[in-house]
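The structure appears below as structure tokens.
Letters are used for the chains, namely A, B, C and D, taken in the order the chains are written, and counting of residues starts over at 1 for each.
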Amino acid sequence: MGRIDARRYLRRWESLLVLFLLVVLAYNITQVSNFLTAQNQANLFQLSIEKAIVALIMTFVIISGEIDLSVASMMALSAAVVARLNESRMEHVLAIVVALAVGLGLGALNGFFVANVGINSLAVTLAGYIGYRGLAQVFIEDNSVGGFPGWFTRLGQKGIIGPITFSIILFFIMAAVAGVILHYSGFGRRVYTVGSNARVAIFSGVPVARTRIIIFATSGLVSAIAGILYAARLGAVRSSTAQGFELDIITIVLLGGVSIFGGVGSMVGVLLSIFLVLNLRNGMTIAGITGNTQTGVIGLLLILSVLIPNLVSRAQGRFRRTPVEPQFQAPRPETVQSAG
Amino acid sequence: MTDRLLRHIRPEQFRELILLVVTIGALLFFWTQIPNYFDPRSINRLTVGLAIPLVVAIGQMMVVLTRNIDLSVSSTVGLTAYVVGTFLTRNEVSPWVAAVMAMLLGCALGAINGLLVAYGGVPAIITTLGTLAIYRVVLVEISGAKTVTTGDLPGWIGSLPSKTLVTVRDYDLRLMVAIALIVTIAGYLVLRFLPFGRRLYAIGSNPDAARMAGLPARRDVFCAFVICGGLAGLAGFMYLVRFGNITVTAAQGLELQVVAAVVVGGASILGGQGTIFGVLLGVMLIEILQQSLLRWSGLSEFVKDAILGLLILIAITVDAVVLGRLREAWVNTRRRDRAAARLVMEGGADGAD
Amino acid sequence: MADLAPDIAPARMNGSDESSVVPVLEMRGISKRFGATQALSDVSLQLSRGEVHALLGENGAGKSTLIKIMTGIESPDTGEILLDGQEIHLASSQDAQRYGIAAMYQEPMIFPDLSVAENIFIGHRNRGKFVDRRRMESEARDVLSRLGVEIEVDEPARGLTLAEQQTVEIAKAISLDTRVLIMDEPTASLSAHEVRRLFQIIENLRSEGVAVLFISHRMDEVFEISDKVTILRDGQWISTRPRTELTPRMAIRDMVGRQVVEIFHRERKPPGDVRLAVEGLSKTGAFEDISFEIRAGEVLGFAGLVGARRTDVGLALFGIAPADRGTVTLDGQPANVSSPRQALERGIAYSTEDRRQLGLIMGQSISNNIVLPSLQRFLDKFGLVKRDEERTVAETYRMLLKIRAASVDVPTGALSGGNQQKVVISKWLETRPKVLILDEPTRGIDVGAKVEVHQLIDELAGQGMAILLISSDLPEVLAMSDRILIMREGHQMAILDHTEATQEKVLSLAMGQASELDDVDARAALRAVDGLIDAGSSAGD
Amino acid sequence: MKRRTFILSAAVGPFAPAILASVATAQSPEAGSGGAAAPGQEVNMMLLPKFLGIAVFDQANQGAQEAHAELENPGKLDFVGPTAENSVAGQIEFVTNAPAGGYNVVMLSNNSGDQIAPAAIAADEAGTKVVTWDSPIPGAEGESLFVAQVDFDETGTVMAEMARSILGEDGGKFAILSATPDAANQNAWIASMEEALATDEYANLELLEVVYGDDQSEKSYEQALALVDKHPDMELIMAPTTVGIVAAAKALQDEGLCDSIKVSGLGLPDEMSSYLENGCSPEFALWSFVDLGYLTYHASYALATGAIEGVEGDTFEAGRLGTYTIEADPTRPDTGALRIVMGPFSVYNADNPGV
């Protein structure tokens, strides 16, 4: 069931997000004493910056009609690679390069299985979700490995401009680049096309397989970057690093109005969603609400943001909904079945 | 050659055969590697370890059949284990009552998912991603982050895990395993012999057609979620019995393990395909791998997740590549047979092909 | 137009003998509004026992809305539905089913993972608490043999051909004691042989007393099978006549509301140099030894029955499903392509008949769709899309091809079939092809738009483009082509010049023992592209 | 298996063979100045455990709440924490946000190793003191003070002693089931136990392996059973974590293995009573977490109100527990770490079931 006018749909969604954001900001500013301090604003970003960075590429993945469950495991793996190589006295910059290459390569491998072997991405990246963290375990077992060079941990922890860290600056640069690519470039156009209707894309000479591989490879690379930044911020790595991040990241992207069925979504929506989630978390943390409850509130927000428009439009009787939503990219090819 | 094979065996059955061979192969391999592998003790351990994921996986499979997914099962298991556990610390009730309570609570949680998905039009992955977090929060909030401990629970909790129904030469059939097997058999019967079960396949196989055919698709999807929740509730009870100590993190991460088992067992994420036997094999294979690598000194236990990931990848690739071909070949064989039969029937004509 | 329509409603004509002539199903004064569009206004229709009743109308005439109301998927704003003279209310498709009203669609609604028997009985209620496979299968065999077909009932339905799937759907309807069976374009994707078989089944249904509502765009079929014909236009009832009192010309006039030139008449000009030369093109299991050439400014028609594998040749030339053997040259250069991308680079474009699934991205704007295949040319040196240029180009096509839309930002899903087809053609024209393959360019679009498409083909040929026209509409092929290549079951039968080609000649060449082994053309493209998606071969790149 | 854990106790004090309960009397009431902080001052406190959902941390909170009421602090005392799987990042998040939340003191049971140091330093610079309890920051950076439950070096000896008392004079083989690999306290205890084992005194005790149950019941349960299968000659599982010990005891009981394999370590008498009775766990040790929370609160309050400066030699009054003195932490030499040792150890066995 394609959304006939995606643009209008998104605009309505984004307005809703702005409204939510304003409410949260109003609450934070009035109720939280130190909310507007530069330090707090920097903290607000810094504490979830890795998730925010990965959410940028996850936007591409989901708009292209796929999903990548392996991002958090990839973060752990890249961090583990850096830690392991650092421990064995490899030049640290070189270790980072190796970790990035691992991310790019395994991301491309995900892409290969999705694009060239034709397996559902949920199944492929479920394997990656388990396997990549498994590889991290192979490298560092259940140890906590640190001992990074000073410049590396400083990069992750200390502000470059005032309290603003390298990660935050990198995030804003990447967000700008991602926005331009998604909305203004030919590649971005292809991402939407592949996500809307891969068959039409093939008939139109769009390099569908290549587009998918590039998206997944970039997803691996960006996750590796985020993992390395996370290692720099924490100063030590365990194989359980970033566990559970994938669901947070996907939640952020879906809350940003990106359709799980592909083809619909905007970078503005995702950025609004990131700001909303970060502010919500910050306000709640300062108000002493624990991490679990925060996740629950965001989960509730996610459900409501789909449910309310549904109920409203049903009340208006404008269209009937199908009783069973296809879960992932219908229609199903008959010749090959996806998972199992 | 393939033609002849394909006349007797369907691709789906072929896959289960492969899975069975791999599972037996894994058992034999670890038997050569781990001393006393087929000891009653090891086997009992393995079967007991299977019980909880198996029960959850059966429910998950029913949802997956309808082209949906339930990621909230782990929180349902944790929440029911905690709530029933807390109840038991204050009230003395029989195990049966406690189990039924757990299932009812699970059904209620599943019903919330089902309402949102079937009647609210919220995609299952969004709904259950949300409730995965929300049910966990409910657990944290009502527990005040306190722990249920074995010491506070009624005495029967302590004896239930080792309760054995039948023992054959030290090989036990534990109560927990029996429950899981009953659920499995019940699941098989429902999916094979109840109209409801067949409709689950139909809905996932072609949702549009299901609607057009006037199947009560909403209600059936709703019911699938309720059943999944109920079984997760039962698993919650089993979890409470087995581990005794229930913290706020109970069963965290179980959801993807179960989805992985269902996928390895051959159920399609896109609905309509999968068998209970396949799911059973999927759960077994993963459990064997996990348990065995913990005990195998030939290889560090830390490689087990890497191997598990690789295994899933191989399973789905074999499925996509080999079974895709087989299925096509099967379809062609069938068509050719039918056409040939028809030609004979219609008096030969000029045998065009 | 009401003056053209004699009131022949039987119930009112022979009021005396109520019991025998009360229609099984009567729709009375049905109106339905969707937002700003009045989909149906005051439409009435009567279906009698054992009657095959055809429903005609252009796209957007309200046929599908009427069907949806009859099957309980939509409810009417005003008007009543009577079954055996009793008013009924249909709140859902289950209700309709209970009253014995069933519908089948062009794309059969089959459950590929269930067995044939289950497909037949899945919608049944009151078949007991448990599934009795043995009984179900024997009953399924009975139903199918009543229809005169033999299908193994215990196997998954995924192995069935399209025609067999339709048969299963009919069996499903019969097993439900269906009294009214609605068939929405059931023949659109069937081979001639299969159509014969279907008509045989419809005869059986008629003799069993089932009322059949038959919807088709193929006038010849309508005139062959139906007893009565009802015509809708713009949501209004226009006429209902016995078939015997109707001529095709009258039917078209009623459908269009004016006298139309049915077929565009094309002025042939002498063609230029050879553009595309194909020699011995073969693909195992699809087609064998196809050889032809097209000159600049020439239209080469591809005629044949459905199942003749014409589309497969088109797909091979375009690189979707490359041929195994044979050579293709374009302007003297080798042009054996293995992906659409290569085909486009060499100047070969292929416009598919399946607009919805293969032609357009319905959620995206007209302009996005038009530039899609030629996106590379609209990128600046940073890889960004030059939006102004994109809009200008899209605007140009909108004006030139008279695409009726408020702006080029309108999503294509909101357009009518004819306008969608124009967007599809625009999209391929913008790739500036030397050879344009048009697969069923006028299928499912209304008569007015059809003529516009014909004009366009003529203009393009006039500009020196070589056009390969695949069409099942024989008059269209005869009128538009310079030469006609006739295929039968993957074999090239002949190439006729338009001067020597007649309907009879072409048909006699095209007919023959039809094969039932394979799916038909309409699905070939879908299957081929899914093969690409699944096997993910590099052809996508 | 090569481990890269933090080696904390480079220098270990002399071992008294049977110190057990009697030795660890920590109070040194004779020491000098300081005294009680005036009650009724506003200090905003955050009690941050390793993660939520473990009984001992609830008990610590109980003690802190008791002190909070006793000192009539009009400020807030929030008991917040991350979840187990998110423990490291969660703790860092709470400490980072503490100054913005207006907290004067964060009382931290550190589960993040030195990874938390940058956040602790930042908090300290922003005026929020970080007082650790139960588990310190290994490098002591950003940490004002560590309230130790017992002398860490002593813990190893206590555990070795319990192992010997269970296995008998002939000794035997045992394995350790720990919490998370990042837990500084467990790591220090294991290191200290390994040192004790190196002495002649415990020469016939053989440590087979250290495994981690991540303080999760199910993982600890599975790890315990895996240990049993991997080491047929193992006679004891030593779990220096309250979650691990009870999970291991339950696993052995469920499998009917308590006759041949025993469980010991650090456990709550409440949770362990049934295993004490049925002999699965004949002996284990612990201290009072209620008192630990209480003492930590008092120390933090004194520090935040300026009653003490937080330098070596400061003494203060900790309500019903008496007077304590801040001393250099010998288990973390060369870091400038300061600690208060609470003590004492209680050893529970058939004679002293503790409930």
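In the analysis below, a residue touches a chain if its C-beta (ideal position, glycine included) is under 8 Å from a C-beta of that chain, and two chains touch if they have at least 3 such contacts.
This one's a predicted model, so the numbers in the text were calculated from it and none came from an experiment.
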- Message: By raw count of C-beta pairs in contact, what's the busiest chain pair here?
- Response: A-B
- Task: Take the average of all CA coordinates in chain B, do the same for chain C, and state the distance between these two points in whole angstrom.
- Result: 42
- Item | Cα-centroid distance, chain C relative to chain D, in whole angstrom | 76
- Just how far, in Å, is the C-alpha centre of chain D from the one of chain A? 37
- Item | Residue list for chain A, restricted to those that touch at least two other chains | 117-118, 141-142, 290, 292, 335-336
- Message: Quick check on chain D: which residues sit in contact with 2+ other chains?
- Response: 52, 81, 83, 85
- Note on the structure: Residues of chain B that touch at least two other chains are 140, 145, 208, 210-211, 248, 273, 320, 324, 327
- Item | All chain pairs that touch each other | A-B, A-C, A-D, B-C, B-D
- Item | Touching residues (chain side chain A, partner chain C) in the complex | 2-6, 114-118, 180, 184-187, 189-190, 192-193, 196-210, 263-264, 318, 320, 331, 333-336
- chain C residues touching chain B in their complex are 92-94, 96-97, 103, 105, 109-114, 118, 122-123, 127, 129-131, 150-152, 155-156, 158-159, 161, 172, 489, 513, 515-518, 534-535
- Message: Using the touch definition from the top, list the residues of chain B that touch chain C in their complex.
- Response: 10, 192-195, 197-199, 201-202, 204-206, 208-216, 272-273, 320, 324, 327, 330-331, 334-336, 338-339, 341-342, 345, 349-350, 352-353
- Query: In their complex, what parts of chain D are in touch with chain A?
  - Reply: 1, 3-5, 46, 52, 76, 78, 80-83, 85-86, 88-90, 92-94, 96-97, 99-102, 112-115, 117-118, 126, 181-182, 212, 214
- List of chain D residues in touch with chain B within their complex: 51-55, 57-58, 81, 83-85, 216-218, 221-223, 225-226, 229-230, 232, 243, 246-247, 250, 253-256, 268, 270-274
